[in-house]
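Below: one structure, written as structure tokens.
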């Protein structure tokens, strides 16, 4: 029921970096050690003697070091601070001293001890509450919400008709033979024109030259288009002359003279 | 005398509370014997369970007995609360749209006929999708070898596509006019006359226990 | 007149049944908003939930509020009957418990702040344990040098320890009165209170790709 909440309790291994603090008599850091020493002195943390507490701590650390046990840095930092605190408490303060007074330092230590003790107590009170999965339970057989996904399909009449038409057209594709378009290439048209015009120096309409082809070809437009394009090319090359007397009028062509003259 | 009754009622209430909590927290239905262990020795467990069942009778959760074991269950009439339907609007897959359009124009149409027009096999999923959408239905079985199922469209189909009847489906000329069919169609091309009326002569009704499977599916 | 009252009572009863069913069905607490969706539009959900809570007040199963969400839970006073001790074979490591209560009472709290209270470095494993238990979460990053991650408790924390809200934390008033919720000495006039609401002014959201590592870890 509460597997996620309890599983991790089985992970016994403490992270490696915590282990070294446990070395000092099983304490969780210097504050923990101090708290324990204070508790031995008095139950009320407000009434403890900070001076004797500092002395006890320093004595404890000293005794450990005499036994050649490695002491974690945290404990040594605290020891140095407590030695300083002790000196501030024992030596009367000069008026112009900027440093905090021994009393202020002592109050600071007391505050920290009280706060840690309070947090510990709060933790214990939390743990003793009626806890879910241990004392209080959720529904053992929850009835899950079943979500049914309904697809609502979207399609318009146009989509439907388009789909149908496309398929019917696709169906007739098999009977469709592409019409072979009789297209004159520009090369063909040019050769033909050169042959037809020959040396004729008279103006002759283009259609007259092409009449025999235009009559039989299924698509006269391609013949005219290719021939006209080729004629322009021949003009550019200086082989023929072109003339049109009116818009949409017949297009006359003849062999260019000056070329031969030249 | 008075006190005794009160005391008795208090004991019963306490026992009901315990049963309530145990049944609520249990991960499985519990037998009366197992429940009795939580009560004072000799407490009439069956009576208590009946009383608890009565208490929950009209509630959102009922105490029910299943195979001799007891459990709380959502009231039958409220079970719908636990079933949520999520509508999602999606555009219909092309295969389904194509199949639907063929059924619409060629109905009654068998799967083989659909495939003839489409040129590809139609998966069962496609037919199922259209059936689920409520747009097509199985009309009957054609009286031909293999007795294939004939499909037709439904009223919901007409409704969705805004058609009053099947005759509203545009014909060949109208499709051409709308530019949906090109002019380059052989003159032999015919448009079918869709029919969604009663079973035709060559159709047999679908028997109630007929799942609608086609034998020669492909 | 008479009928109207009866009808009103019927509507209320029906709404209570629905809430009962939904809340019974879920193992997790549900927000009032989510519950309201099951009732008629505009139904006074808070009133209905209060009424339901009253109805179940003396029962074996109670309706409880957890961080603004609602759930049915077995009655606390039946804990000695229901206790499943075997689940808790090991006690929570002291470091983890201390860290949890510091986060709970001082949230939002950074790792440095936790360490300041405990006077010792916090192994990353400790935070991870509490995160895995689902009791704490990374809230954001404090807008101070190093941008340390701020931690806070979760709704699951409230649920697990049977707290309606953070103001139910045991001894909160006492601690506040004694000035022990402050990081400073002497205590300032305004005692900070644990806060698990939206990000504060000095907190930035955790980016999706932020693994929550503190740079100056130690």
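Order of writing sets the chain letters: A, B and C. Residues in each chain are counted from 1.
Here is the rule we go by: a residue touches a chain if its C-beta (ideal position, glycine included) is under 8 Å from a C-beta of that chain, and two chains touch if they have at least 3 such contacts.
A quick note: this is a predicted structure, and the numbers were derived from the prediction, not measured.
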For this session: Could you pull out the chain whose C-alpha mean position is farthest off from that of subunit C?
Result: B
Problem set entry | Chain pair with more C-beta contacts, A-C versus A-B | A-C
For this session: Would you mind pulling out the distance in Å between where the CA atoms of subunit A average out and where those of subunit B do?
Result: 40
Problem set entry | Whole-Å separation of chain centres (CA-atom averages), subunit A against subunit C | 32
Seminar exercise, completed: subunit B residues touching 2+ other chains are 21, 24-25, 72, 74, 82
For this session: Specify, in ascending order, the residues of subunit A that touch 2 or more different other chains.
Result: 1, 137-139, 143-145
For this session: Show which residues of subunit B lie in contact with subunit C when the two form their complex.
Result: 13, 16-22, 24-25, 38, 58-61, 72, 74-75, 78, 81-82
Exercise. Which residues of subunit B touch subunit A in their complex?
Worked result: 21, 24-28, 71-74, 82-92, 94, 96-98, 100-102, 104-105, 117-119, 129, 132-133, 160-163, 169-170, 175, 178, 180-182, 184-186, 189
Problem set entry | subunit C contact footprint on subunit A (complex, rising order) | 1-2, 4-6, 8-12, 14-18, 21, 28-32, 34, 74, 78, 107-108, 111-112, 114-116, 118-127, 129-139, 142-145
For this session: State the interface residues of subunit A toward subunit B in the complex, per the touch definition above.
Result: 1, 137-141, 143-157, 159-172, 175-176
